[in-house]
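Would you mind keeping the following structure in view while I ask a few things?
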Amino acid sequence: MDPLLKELRHNPLLWLLVLVPVALVAAQLLPNAHTLLFVLSVLAIVPLAALLSHATESVAEKTGDAAGGLLNATLGNLTELVIAGAALRAGEYALVKGSIAGAIVTNTLFMLGASFLLGGLKHHLQEFNRPTARLHAALLFLATIALISPSAIAQADLLPGAALTQKLSVALAVLLIAGYALGLLFSLKTHREIFSGAEHTQTGEPAWPIGLALVTLAVATVFVALVSEIFVESVQKTAETFGMSQAFVGFIVVALVGATAEMAVAFSAARRNRLDLSVGIALGSASQIALFVGPVLVLLSYTIGPTPMDLQFWPGAVVMVFVATLVAAFITSGGRSAWFVGVLLIFVYAVFAITLYLLPPQVP
Amino acid sequence: MDPLLKELRHNPLLWLLVLVPVALVAAQLLPNAHTLLFVLSVLAIVPLAALLSHATESVAEKTGDAAGGLLNATLGNLTELVIAGAALRAGEYALVKGSIAGAIVTNTLFMLGASFLLGGLKHHLQEFNRPTARLHAALLFLATIALISPSAIAQADLLPGAALTQKLSVALAVLLIAGYALGLLFSLKTHREIFSGAEHTQTGEPAWPIGLALVTLAVATVFVALVSEIFVESVQKTAETFGMSQAFVGFIVVALVGATAEMAVAFSAARRNRLDLSVGIALGSASQIALFVGPVLVLLSYTIGPTPMDLQFWPGAVVMVFVATLVAAFITSGGRSAWFVGVLLIFVYAVFAITLYLLPPQVP
Amino acid sequence: MDPLLKELRHNPLLWLLVLVPVALVAAQLLPNAHTLLFVLSVLAIVPLAALLSHATESVAEKTGDAAGGLLNATLGNLTELVIAGAALRAGEYALVKGSIAGAIVTNTLFMLGASFLLGGLKHHLQEFNRPTARLHAALLFLATIALISPSAIAQADLLPGAALTQKLSVALAVLLIAGYALGLLFSLKTHREIFSGAEHTQTGEPAWPIGLALVTLAVATVFVALVSEIFVESVQKTAETFGMSQAFVGFIVVALVGATAEMAVAFSAARRNRLDLSVGIALGSASQIALFVGPVLVLLSYTIGPTPMDLQFWPGAVVMVFVATLVAAFITSGGRSAWFVGVLLIFVYAVFAITLYLLPPQVP
């Protein structure tokens, strides 16, 4: 337990862990204090996500490169998966979809942009591995196409009926997971030398012993699941109270909460002029959500959801994901960065955030 | 006739030629066996397309670089032109348009992707001439914009009436053919040194004598035309029988059938690590269809069609063509390829194919 | 006054200045001769724009690099701003928006394309500073996204009501101007070394004395304002007479008239093999209109317009601006140009122009 205590002492973020029991108790005692429960659950998820992230990487480091990479690639967005799973169980499909699309947009624009900005304020010009970034962007690009095209084709056309949409969504979910698996084979096995230098695991923090890591992984997941349920229940009422649209909550609030832990790592790497790592985390996380988390949630909806969920997004989400992907492909093809590149990315994110904030609450 | 017999002995694909008379006779005897006629006509077109392709290249090789390039550039997609002409005569405009858009998408995603995959399974990393690929992609990119923009602008807006759409389509068809002619002047004359290394004619196969090539060209064209009529008549009934949408037939089935011969050449070049050639065939063919075959069909519709055909595509086709072009521009700007790049392209193609397959039969 | 007389003698374009008083008198005597007034006002604006442009650059040169760059960056599109201001006062919001989007498209496709073509006809291959062009394109790309996304998101969705659209438009206008200011800080101050070689001011013409330049600036602005009012009043009636759509007038006619002076400089630079300058003027002007002129007009509409103007464009305009930006990003990422690249850009512009010309007059 020593490394955990050391971590607790050095990482003030983890002090928020005290809010986990507070949130759980508050949910029992004050089930109608939605705004309070919302704030408590958001603040409680942040340190849990950090623990989950560190535990995953510790296990990954112990199990060797290929297996570790695989672990990171599947559990790296566990927080997002658990939150979305809670929303899925509650049948809040608009929230689930919003958080999937929002996580892609947030990672691609905000996490990458803030990394560029924070790094650029310290370093005049920063280089990053162009082939690596390009391959990440290509993965994300093509994943995004796969995710949005059905919406675009089916929306452009007359809707072919719910049954058909369901069949299509399941087929594409399976296809996407297969594509993700092949991508792992490519990046971890056959062409791993291309990706060296942008390993997700090189966070510079000391790894935990495997036992501690596994226990932390299990316990933190359970608590994230418990707190997520409070979050999902309270978020909608809170949005109504503050006149925020559901779209804003899913796209911005949930996405930012879910990505806090990864952002901390990406930003710190950018400040240390290790932009390869920042780009890898931001775009890697985005493509993982598009190719793995989203499809898994569609398949899970047949088991834990009240009704099956499809992959059809509202048109505004499709536009935002598509634009975010184009921007990422364009920006990363240069291989160089300065502070203003970060400003531009954050600025596009702000355009989306403002637009979503001003939409009427019932959208979508 | 000796080279032709030699070719027949060495190329098992050509043994399918025996199905040409079988298909023609079957069409007379069993006019209602649509599925049988469909299968026979598809299988009969494949070897005819291979003959046409080889004959065109043989003539091109004899007539010198510039004239040969011109010949290849205009007759290179003769099979597609003849099939679409048969559909045009029958007034099957949805099928014609589907096959134009489908050929662009199929060449850009499937032919290029399978070339990358087949080459990549044999060679760890493959390079191709980046400027050449970029110029090809630029041609395709801009051609595609020209082809899709009217649909986008007019669709976005209220429809301006059929008469207006006709006028616009004719004007754009003329403009596109003029652009294609200038492009040939550029690539075959003023800046030909940039395009060297990706010549369509360097297939490695021995050329036929000019007389044999010309006769083969004429005879094969006549037979393609005859078989295409059987194909066009049977394809719709077959689609209905199997519950396939018209869109799937035009986009996938017709496009794959029309491109078989070129695919054989492109794939073999990729295996021999001559990726320049594969990229040139795949993207060159796509841009030729967009800039030349499509516009020629619009103009031809005034002569051989029951009513004039316009250039307005259904929105789903516009989305797919646009995405395919973006992907090609992004992928080819790198100048390097590995097996997973091919997987990603095929995977995008599969997304489209599955979506189209599941659409209801009457679309579009 | 000597440099002004010398300029008058050497620059035949300025002889058109004689039409300024003619247009003003004609507007009093023949208020209903709309077509005549339209032609006169167009021809009178051209030399005034040239004077404005030269005067701005002369002042910029005297005031030192940073302040001069700032001046050029804010007054460089003064003609467009004054014309659009006149349309704003008259409440012709469709014309204002059309001219904003049209100026982006015209600068990106026509001005850049004609520069490439004219330069390419004289020089076999032309190089331009790739990082500079990329940064310009990135600015334009992201500016365009900011300008079009609200339209796309709000259009995709159900319209959230006029009040909401207004609030959104003001917020985005402020954000865009802030982004533009940060961009100036980046390109003129913190990272100016990257942009060297593409300075807007290096036109090769001798600078005027500061006094003359300031007086010319003031006087020419007043006359542009006066003539613009005649132009705005007559343009719509003329369009009706000739059966042109409003969209065509705003996108093509107004945009070409407003950009005449800058085009002269860009084309001459391309012929002198100084393509850096041409690219800087064309894309710099486009991004300035998107990030500064457009947003300023939205804010101005609260003061001088009959009702507030929003940033919502008709879908066709969104498509054209988006395509133009993509093309610019793709083309400029190469850093090389030949005549056919120019042909392709002009060709895309022609596709848009023909489409707009054939739209019914009441669009949009």
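Chains: A, B and C, in written order; residue numbering restarts at 1 for each.
Operating definition for what follows: a residue touches a chain if its C-beta (ideal position, glycine included) is under 8 Å from a C-beta of that chain, and two chains touch if they have at least 3 such contacts.
None of these values were measured; they are calculated from a predicted model.
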item: Same-residue or different-residue interface between chain A and chain B, half as cut-off; value: different
item: Cα superposition of chain A on its sequence copy chain C - rotation in ° rounded to nearest 5; value: 120
item: Distance between the centres, which are taken as Cα means, of chain B and chain A, whole angstrom; value: 41
item: Residues of chain B whose C-beta touches two or more other chains; value: 326, 333
item: Residue ranges of chain B in contact with chain C within the complex; value: 131, 134, 138-139, 141-142, 145-146, 149-150, 152-154, 156-158, 160-161, 164, 167-168, 171-172, 175, 179, 182-183, 186, 190-191, 194, 326, 329, 333
item: Chain C partner contacts - residues on chain A that touch it in the complex; value: 124-125, 314-316, 318-320, 323, 326-327, 330-331, 333-334, 336, 338-341, 343-345, 347-348, 350-352, 354-356, 358-360, 363-364
